[in-house]
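So, here come the structures, one by one.
Both complexes shown next keep chain A, but they swap its partner, so chain B is in the first and chain C is in the second.
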Partner chain A sequence: MAVQTTSAPIRKPRHLLQSIWRGRVGYLFLAPLLFFYITFVIYPSARTIWMMFMRYEFLRPDRIEFVGLANIIEWAQDPRVWETFGVALRFTLMYVPGSTVIALLVAILLDRVRHPGVASVFRTLYYFPVVLPAGMLYIAWQWIFDPTWGPLNHLFINILHIPMPWTRWLGDPNTSLLALVIMSIWRLMGATMILFLVGLSNIPQELNEAAHIDGANEWQLLRHVTLPLLAPIFLVIMVLRLQVLGLIAEPLFMTEGGPVRSTMTYGLQAYYITFRDGNWRMGYGATWFVMLSIFSTLVAFLGWRWFRSRID
Partner chain B sequence: MSHVRKIFVLVMLIIICVLAIVSCAPAPAPEPTKAPTAPAATAAPVAAKGKLRLGVYGQYLQQIEFKDIVTAYNKQNPNVQVEIIAIPGEEQAWNVIAQKIQLEAQQKKASWDMLLGPTPFIEPGALAKLGLVDPLDTLIPKSVWDDVYGGVLKEIKYTGDGKIYTFPWWSDVFGLIYRPSMLKEATGSENPPTNWDEILATNVKIKAKYGDKVYGFGMDWNWLHRSMLPIMGTMTDKLFTADGVVNFDDPAAKQTLELMLKLYPSLPPSSAEALGSAKAFQSGALATEIYWQAQVLRAIQAKQPEADVKLVGFPKGTRSSTLFWTLGVMIPKYAENKEAAIDFMLKGLLDPLAVEMSQPGNYKIVPFKSAQKKLQDSGKQPAWAPPLLALLDTSEPIPCNQYFLTVEQPIYKEEIEKMILTNQSVELTLKNMKERVAKGVAEVK
Partner chain C sequence: MTTVSKSRNRASVLTPQIIFYAVLIVGALLSLAPFLWLMGVAFRPVEEAYVVPMNLIPRHLTLENLQLVLDRFTRATSLVMLYRNSIIITGMTVFFVVTCTTLSGFAFSRLKFPGRDIIFWLVTIGMWMPLSTALPALYQMLSGFDLIDTLPGLILPYTGWNLALGNFVMRSAFSAIPNDLEDAATIDGAGIFRLFREIMLPLVSSSLVTVAIFTFVPVWGEYLLAFTFTSKVDAMPISIGIRLLNPGAGTGEWTFPVAATATLISFIPPMLIYFGLQKWFTKGLMEGALKF
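Right, the complex of A and B next:
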């Protein structure tokens, strides 16, 4: 005997307004978030794009005028763009692989810890720097890097007796960027580690067991099972870490872009153009930031496409 | 794409387009600079009363008890209710404070009736240029201005229109701070070096005696007003051009840079940081340094023996000179109680209690001759003050304009770092400084 259902068939909405009306509760729930998003993201972004086409100098409000593409042309011809982008790129190329590899290693080791309490303690310890106030950390690391009293030099020179070719860290143009990288890796490694731990927890245990049974050693397990299955996590990390291209806070507070502009990142130069130098050229500074956003979006998109093809 | 998602995307696109169109409307420009209306100098003073919102930079609230100053003031004028408002992050964020005042002025409002903390070569130039603060020339009696030291009076006048926008309160004056015990051990005498040649000679002896444990000399070499300018001032009386820009053409500029190259090997490694040499002094690893007088107090607070931290006048070159700056008080254009602000400046900040808390108590010089005389007569004048006061009338101040900090200082920092750290020649350094500063100032003007 055929089973008869009593529920009415679902009708697709034929009209746009009808569709909105049907989903009205959902939209109402979305409304506050949408309001904040529009107010604090969409509107400032739109305003920044508008400023890109204006001569807008904070200390010369009498000179606000539409200048078309002049800011973009000036940006394209400004030698500081490529110089500071190079600094940002060097920082990124040191920071992203460094923090990723270290975080991955720590996550793999933590994942192997059997006792949940012990694992929890170490997870907290490694994540702790992420939640500390950034300003406090910058001051602390300035002391750590201090050439005369800093514990870092004291450790290498006085305790380990390792001859150091450089000791001035933040005061040496050859090591200042590396010093910022070290600090940033220490500070944010915990966040990357958590992402890897999430990814590792999603790897079915049966796969590892099957690989062991087939005779795979730890390195083969890592290379052929763990890393491929962590590809989505790598993608997320890559996209998130692209923001270091616009690095401002660390060089601003620790080195002010020096010495000899060795830590003058793209973001910091844009910040100084906008809020410190001359008449505070906010229109031109907006151009710098918008161009960086376009570049970052493009890189993120291309990276996403490449990773997706590998994942698929 | 599902139907609902299509609708959502459509709605978002419409909103973005609307916002883009709306944001293309020109921003309401702030009112152009014009001379604010000031009460006539001969008008009878209005009795101060009501609420007074005193905005104070956070770091100064940590240095003295402003509540005590307010209490003493209220004994003279109980009709004014002073509200002390802390302004945090000011040294790193003075441009944020300027933007805040600007944005509030567009709505004809001000968060403070008086702003205590600006220094003439930092905020006032920008604020005066934008017309966001009131000139004080006619709001304060001439007798008060006549009481200010000559150099300070020149300092507080905005170069744009020659008017005074800052009521001076705390002056920092450069001198030579030293450790007599270290000099005695290294040179056989506690007497400090008095000129640059003696300093160079002392540095050699300090190095021979202490090696890398104690450095001979300290200064913030990559800060224009903490190194090059005060040194150059001891070699020329033409520190600035008529435009208020550093006089790079004067032979003293080249001599100063050459001297800085000779001094650099004696500096502690931390001297590249702001106040890095001061930290070295505070930890007992530095024999002499050129800083302003408050650094003596910082060294004592860092547990250096008070009897072994001394301050004398700035080293001489071909002339005696020094550099100084003065933080003070400004009145925002849309302050609600300007009468009370003026009253508090004259009766509160210059009250004997406030002067004692400032100078003997906090190592900040109150640049009024009558205040100094009262301190002298009462026996409360600290010993370090008179050599510094002697130069306050004759030394050249940093001009109050809007490009010292936004043009000259950043360019100086980059070029001096190239000279010191990458062996760029003195001549090229001077040439670059001059050309880049000229270009930057022209853009600002």
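Right, the complex of A and C next:
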């Protein structure tokens, strides 16, 4: 006994420094990852938060100074905040339900394909747009939406003979945002579909069979068995898709925020403040970006809490 | 009588099946439609592209647009440069990400040191951090190092922002290796470095492929950083550079079908990976599905 008690402290390192020294090989293996991660992810993110409190105009480095809360006060009074946030919110409210419902339908259909080879062919085709390089797709879709020789109008008007209430797509302030939504749903539906497929494959087959034996029809099965069991996947999708509140690229490349600011999303306005307008007001732009991050994190957290309480 | 009711029965079973597959096929066509249309534009004669309305399906097929684009390639104009930049940027990023995450995955799953789990979760959170929040400071930092409009100016941030998923996948891969193997190797006198290189590394090679694929595809098409950090053709990847080649009004030989062909050529690398490495792709999707 006495021998054991005296030998125990020797095996266990007494100080933190000592155990760090013993784990030095671990840090060595981590070093490359930490170098890239800290230098290009953590540091710039933290520094952007710091820039919130500076008057920092990139093209006027002579006028940099600490201004305290001035940027945040200006942000709170800036009418563009609400205007552009409204645009982003409208995009989100069209895009998130639209893409979620379509992806769920496709996933449910694919899940019922019995032959694994056929199922994988369909899955491959549905996921295909996600793999294509987004930067090039924006151009291709500008062509597709073109009012004169784009295929979309041609298809609707001349082939399907559908009377179109609008034909200018990206050029019409009433439909420009909708056009971006359509493209985004097309481009990323496959990604959401995969999440649902993962969720569906986790539902035990016996559960479906038991429901069938109890006389449940397909709709009842979907409503009372499948959808409730997919609840965690819905949560993941909602949290992930919240990112579109910060949407920048689609309007930047396809409409430049126009026509008449109809696609000027919050993220794009922040981007223009930072990299285009005047002297590139990076300090103020940083304020826009950070405030959105705080808001998104808060919403994701609250949504998660609310969802958890509903599931339990 | 019985045959009639039988065939009616079969019909009533078959009809939903036919509708079911019809819906799936129409959906798949919608998914492919923009791509197929682009192919139709790329392989049609120029005269057929400049008529209103432009037919959805070309009447004649031709390779003359491809010929023109390849001509430009061999004449070393900006298109070659853009393509070359994309290959270097994406290749280097994949190399760095695979190297860093293989080492870190091993450390996070097989080695013990203080703060291991905290560091792991801090890195994993990076999957959900918004890139835009780092954008102002990242620009300022890169311009401070004179890296704006250079290839490293994109490779370095791309590596940083693509580590999280790979790190996650590689840690799972190393964790899946049975402890007995590690014990046996240690008893045989293998040190940590030999254990890593000669025993563990060959066992995680399929996950390495997964990480490489899932780094390659998004980086090849990345646009926001590329658009912000490059403005000259010498450092611009093709995902942004292709915009410079958009046909305007009076464009001479740079016509719409030629531009469509150039766009399609820029699709080739991710498509090769997607269709060629389907097995790894599916595996990666299931392992890292949470990322998307």
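One rule holds for everything that comes next: the second predicted complex is superposed on the first by the 276 of 312 C-alpha atoms of A that agree within 3 Å, B and C clash if a C-alpha of one lies under 4 Å from a C-alpha of the other, contacts with A are read in each partner's own complex, and residues count from 1 in each chain.
Keep in mind that, in the parts below, contacts are C-beta pairs under 8 Å (C-beta built on N, C-alpha and C of every residue); 3 or more make two chains touch, one makes a residue touch a chain.
This one's a predicted model, so the numbers in the text were calculated from it and none came from an experiment.
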item: Touching partner for A:Gly171 - first (chain B), second (chain C), both, neither; value: first
item: Partner chain in contact with A:Thr124 - chain B first, chain C second, else both or neither; value: second
item: Contacts of A:Phe275 with chain B and chain C, given as first, second, both or neither; value: both
item: Which partner reaches more residues of chain A (counting touched residues only), chain B or chain C; value: C
item: Touched partner set for A:Val260, first chain B, second chain C, both or neither; value: first
item: Contacts of A:Pro32 with chain B and chain C, given as first, second, both or neither; value: second
item: Which of chain B and chain C A:Ile194 touches, first, second, both or neither; value: second
item: Touched partner set for A:Ile64, first chain B, second chain C, both or neither; value: first
item: Contacts of A:Leu16 with chain B and chain C, given as first, second, both or neither; value: both
item: Contacts of A:Ile162 with chain B and chain C, given as first, second, both or neither; value: neither
item: Residues of chain A at both interfaces, chain B in one complex, chain C in the other; value: 16, 19-20, 23, 43, 46-47, 50, 56, 58, 148-149, 253, 275
item: Contact footprint of chain B on chain A as seen in their complex; value: 12-13, 16, 19-20, 23, 38, 42-43, 46-47, 49-50, 56, 58-59, 61-62, 64, 142, 146-149, 167-168, 170-173, 253, 256, 258-261, 272, 275-280
item: List of chain A residues in touch with chain C within their complex; value: 16, 19-20, 22-27, 29-30, 32-34, 36-37, 39-41, 43-48, 50-51, 56, 58, 106, 109-110, 112-113, 120, 122-141, 143-144, 148-149, 151, 153-155, 158-159, 186, 189-191, 194-195, 198, 236, 239-240, 243, 246, 248-249, 252-253, 267, 270-271, 274-275, 282, 285-286, 289-290, 292-293, 296
item: Interface residues, chain B side, partner chain A - complex; value: 3-4, 7, 15-16, 19-20, 23-24, 26-27, 29-30, 32, 92, 95-96, 98-99, 102, 126, 129-130, 222, 268-273, 276, 279-280, 283, 285, 402-403, 406-407, 410, 413-414, 417-418, 421-422, 440, 443-444
item: Contact footprint of chain A on chain C as seen in their complex; value: 20, 23-24, 27-28, 30-32, 34-35, 37-38, 41, 50-54, 56, 96, 99-101, 103-104, 106-108, 111-114, 116, 119, 123, 126, 128-130, 132-141, 156-157, 159-161, 163, 167, 192, 196, 217, 220-224, 226-228, 238-240, 242-243, 246, 256, 260, 263, 266-267, 270-271, 273-275, 278, 282, 285-286, 289-290, 292
